[in-house]
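I am attaching a structure below and will ask some questions about it afterwards.
In order of appearance the chains are A, B, C, D and E, and numbering begins at 1 in each one.
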């Protein structure tokens, strides 16, 4: 951590557009804990400690880090679903911190989420059509049935899937539904929290292809969170490595991967087993060796 | 009618044991049957009873069961079978009032406590737990003292006493629902808290509500019997199984049937609601239950 | 890897279920079926593991890996029944159908298991020291409580928990997931089992923690000379940890062989697809990853014949009948009518007579 | 641990305070003037007014509330409006009777329910388990007073083995005490057993599905031993919860049994006092019950801490 | 049925089962029949006492004399009576007791002493009481609770520690369960047979029956479930006693307001009820049909049942004529066994005669007293008026809850009180008839004195004529 100053935006590359899709300035998020001692208040959890970055329009931005490092917290703040303890977030140049729920409509229209668990991210009691249409209903758009059919087609499902319930679909199909829902209000930014971690490899490839296609076609800005470096490497242009609530390293994916500068990044990359390295004789002990 | 790849991933595409609908169990069948029978009796009592169940006829008092009087008559010469039929109304009414009060207050309370900020939710639940300090019968007796003995009063009291059970259970379920990603997705889609409560939370805790309701029904029927026994329940001459049982006592050794019919009716109805509750519990996700 | 005696024999009807026991074989599984009601969830699985050998079992979710592992332990969930034969060296009876009394003497002593979920596998209300000591006391491998306790602390040190003395006094909830998995591993290794079964022991862990746990597992079994069956869906992990790998799909073994061979020159079309889909570095000209079309059907909805038939690009009518197991080496083989061509090193396809036998 | 204890005590005290206000407020709206009831049918208004003054009913409500609470806190709740006797000893007597009854009933219930419920869970697919299950279902469906009436009819009136009703304090005549305790305690106990059995069953069933039980078996423990050593303690939390809730319900619920068996317990004191508008006694009885329930809840919280180490560290 | 030695009082004890438990021991300030039932004649004594035939006999007064102007009574008192606190009973105590009624009592009965002008203790054994006007009723009232003799030094804690001259003292009160009376030494009169008597209280009639059947009690003082008498009647181990009481079960009508103000409607009610059938169904045919407010044990009793014979058609017609047919009558019943049972029958019979009846139950005593008795918020109710000679109380005061207002009736009562014995009897008869003709209420039946006891218990009174359950005459054969 000593290698990177915290708080300052780490994005250093040339800006591609006049306004960044997402601009994060020095956010912290502290969760209170119930007290365990009579004398002292409960120890606070610093889920984010001075995180900052900018994501230009159209970029595919990856965030990697291990469990509990604050990735989901960060995403919730980006989406205006949680408030930072300090710091600020701007979406398309508009400040969202401190806004009330009602004033966040532009975020809801511009930014949508895709989640990890294909099981719990779809309401089991709603028809797929209603699920996909939910953002449309909430934002008061009309012409829903057609749009739903269009969206389902776009993610490779048949239009009559709208009348079924989520449990009637496989994990990969569910993740497609999730993506269709995210695309419904024609957002410019998609934020995906571990969208393929729960999927089998074969399905993972299908979903990753789909995401890549859609991002290209619709020229979306993508924020992609994963604990799996190789997935991020495949999907993203830039990556930020998070550790214990901080961003310890950021840069173009290839560069971070090939030439990690922070010791944590190095350790992370070393620990990832890959087929190629394994076949060339890298053992479990080697993975563990820092 | 649909794409083969969708067809292929049928009902059990979900990982085993997660949200698999279980088959209809024996309890569900038997419970459902008994409860339908009680409802059937109620409906029947509106169109037909063999005799007027409140008609006192001293000339036919304490008749043994016969073709005319299927279950015999009581000491007032009233037809026992007709009273049992009419009494089912009280039973159902009792359940509806008690469960209705408990659910109408307890369910929104539980959902609100789950969706409110943590401290408020805790406060609501603490207040709710305080209600536990006033057991059903205690409330019923106190209510009867204030508003006079009566089925409605007693059952409102039972209902109020059942609120904490509903609220606790529903809050537990709602908390789990609130933690799911589809709720976060709904928020991100721009849904307000009210819409989320109505469209996501309520449907997903409805299983719990139904289970608790059927158990609440059973409890209410038993409570009505106990209150009638103490003289705080349904006032005469409205037939009620609980009061029939109480009235039968003095004739227990010469006309035990007067106790047997309402006693069995109560037990069977309670059994039915309990079984239904058990069966439904098996069908709905049992893991949603809050473990304090 | 120990050299294997010749296993080619007429009495191996399918899936390469090998020859009679060799002195080196720790585990011999033959014709293992697991059924639920009328549905076959695992069908006709057979393999052997030799002493000190680390064998991987891979396959997508729902392919029957866990059920296979649980039937070795005799711990199938209620309502599921295993049939066939599972024999463990040094145990005088078949593990399939053995009663609880006999199985309880085997479990934890001869054969031990590490489960997937470290968060729930430990009793939350018992100190971890006692939970480890218990397995020693059950099998009387330590004479008394005190020595069992000391051994427990020793084991905690071996799996790399810092401050093992205090750790033994702690409750499971006071540990992180990786630490808990190490406690589970300590329990499994306590009695130096002949066979360690690991069912996705690191799936729930972070990569750095995974690396540490994998290292411990490998060292643990190597130090004890135990054999290991390692279940995972992560091809890279199995390649790192194991010498031999078996690929499972739809409740059947579809291919097996040495890791290098299977992963560099897969024969079964499913194995090929799996390797292709998991390699994120290779994309086609449009930048797309290789995929297997469709998705894994739910249990009982696999096509008759070749279970992979409905997703295979090479499937033909013949795939509606069950493909014969084709042995390609002492430890390798596959079950496919249209295997990936392989420089002609082994015979491809199955002879008609084999097919006849396979349907018996 | 200490924090949790302090928290719980604070909650207990707050609960008691709020309940006392609730109880008092409720009593204040109860119709029926205690003075008029005491003086009866045609007492003159002036006599009634005089008695009201004597009872202190003419003071402002806040003053009445405070003096009531003071009485409670100093364990000297004063004299009854109606019987003019000191309330304290009477409450103590009645509470003692009810505690004997409910306590014995609960013990009977536990002795029956814990093993039976466990057995039902372990054998939940075998005929014996199903049979037990069915029996418990029927048991739950029988009102306790009906069980009492049946017991009396058979064992007292029919066979003459036991007295039909009545109550004798144990110090006065231990044998008679036991004879008279048997049937009421059984009526409560059997029905409670049926209820508790069901909870034990579902708690044990839940535990049986837990991963750590599989771990225990993988260690080489036989299923029964695994359940005993690893399962029961974990199943105890929901069971203890239910026992506490039942205990609370029974404190009042036993009033029906008290009626059937002519036992002067807390419940019948409540009924009598309500009927006589002996408001201060009603208030005290209700408050005692509320206190008992809150106290039991508090104790149960403490028991949780003993059972489940996860709760001890504050948050997890 | 077997019997247990356990509950059976061995030796010289007796257990009696009763229904209503006293709220305390102070009948000077607490209403209700339960306290005098337990204490009068047993703990407290009166100067004069009623015998079974209803005649007034000596008690603490050995004899008495009435002056010519019928206003002054001179009582000669027993010499050697002592209170249970040791104090001697003298004329001063008697004077104190009588005067105290006016000064310290609060219950309604205190009015019965209003007629006393002055009391004088002539000597320790001679007492002179002067009335404001002649009153036949006064001497009779001296046999009831207002005539009870208190010690000048023993009235501080009447509610908990009664002090009287009677043969028994209260030894123990196990509230909610029983009161134990024990015989005391040094009683001036004849020593009663039982050394100790326990009055056990049962809310539930069936429980009381079971208690007798299993030997927990020896006597059922008041049978509340006559239907179950069959359990004892053909059993040689028990004796059943059936007599009369002062308890008229009255279907009270609100003469003051509502539809029952209309005499025709009231008459219609009386015609509509088949009293025989009613008594048969709700009280197992036990009791007596009297048709008026006077029980057979009073000297001016007459059978008035034929004034309004059961005639449903006539009832229907009268109801039509009255113009009240459209009204719904509120029948508000206290939660008492006989009232509930009778209410059920009354409702059914009235409805068959074309009435609209709405039935509701009020918790007794509190709710009923407030709603019906105090606020007169009712049209009809059913209550047993168990006080002796209560025609005057119930119907002689128009502000009473029946709101019966008839000057002619009041004049007759006055005449009866002040006249000679013959005048008293004729006037009372006339008054009772007038009341019944007016249909001021309907008298459903007279509660029977139903007692069941172990076969060897003797001395049980056939008729219950006084307020007390007199234990002094009981014995065991």
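Basically, contacts are C-beta pairs under 8 Å (C-beta built on N, C-alpha and C of every residue); 3 or more make two chains touch, one makes a residue touch a chain.
These are the chains along with the protein names UniProt gives them: A = Dipeptide transport ATP-binding protein DppF; B = Dipeptide transport system permease protein DppC; C = Oligopeptide transport ATP-binding protein OppD; D = Glutathione transport system permease protein GsiC.
This is a predicted model, so every value here is computed, not measured.
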Subunit B reached from subunit A - shortest hop count over touching chains: 1
Selected interface, A-C versus B-E, where C-beta contact pairs are more numerous: A-C
Remotest chain, subunit C as reference, centres from CA atoms: E
Reference subunit A; chain at largest CA-centroid distance: E
Distance between chain centroids, defined by C-alpha means - subunit A, subunit C (Å): 33
Rounded Å distance between subunit B and subunit D, as computed from the means of their C-alpha atoms: 23
Between subunit A and subunit D, centroid-to-centroid distance (C-alpha), Å: 53
Whole-Å separation of chain centres (CA-atom averages), subunit D against subunit E: 40
Touching two or more other chains - residues of subunit A: 170-171, 173
Multi-partner residues of subunit C (at least 2 other chains): 61, 295
Overlap residues in subunit B, where contacts from two or more other chains coincide: 9-10, 13, 15, 145, 249, 252-253
Subunit B partner contacts - residues on subunit E that touch it in the complex: 204-206, 209, 225, 227-228, 230-231, 274, 277-278, 280-282, 284, 333, 335, 340-341, 343-345, 347-349, 359-363, 366-367
Of all residues in subunit A, those that touch subunit C in their complex: 66-67, 170-173, 200-206, 208-209, 212-213, 227-231, 233-234, 267-268, 270-279, 282-285, 287-288
Contacting residues of subunit D [partner subunit E, same complex]: 31-33, 36-44, 47, 50-51, 82-85, 90, 93-94, 149, 152, 156-167, 175-176, 179, 259-262, 264, 268-269, 271-272, 274-278
Interfacial residue positions of subunit A with respect to subunit B in the complex: 76, 79, 81, 101, 104-105, 108-109, 111-113, 115-117, 119-126, 131, 134-135, 138-139, 157-158, 160-161, 164, 167-171, 173, 178, 181, 184-185
Touch list for subunit B against partner subunit A, complex: 1-3, 6, 9-11, 13-15, 18-19, 180-182, 184-192, 195, 199-200, 203-204, 206
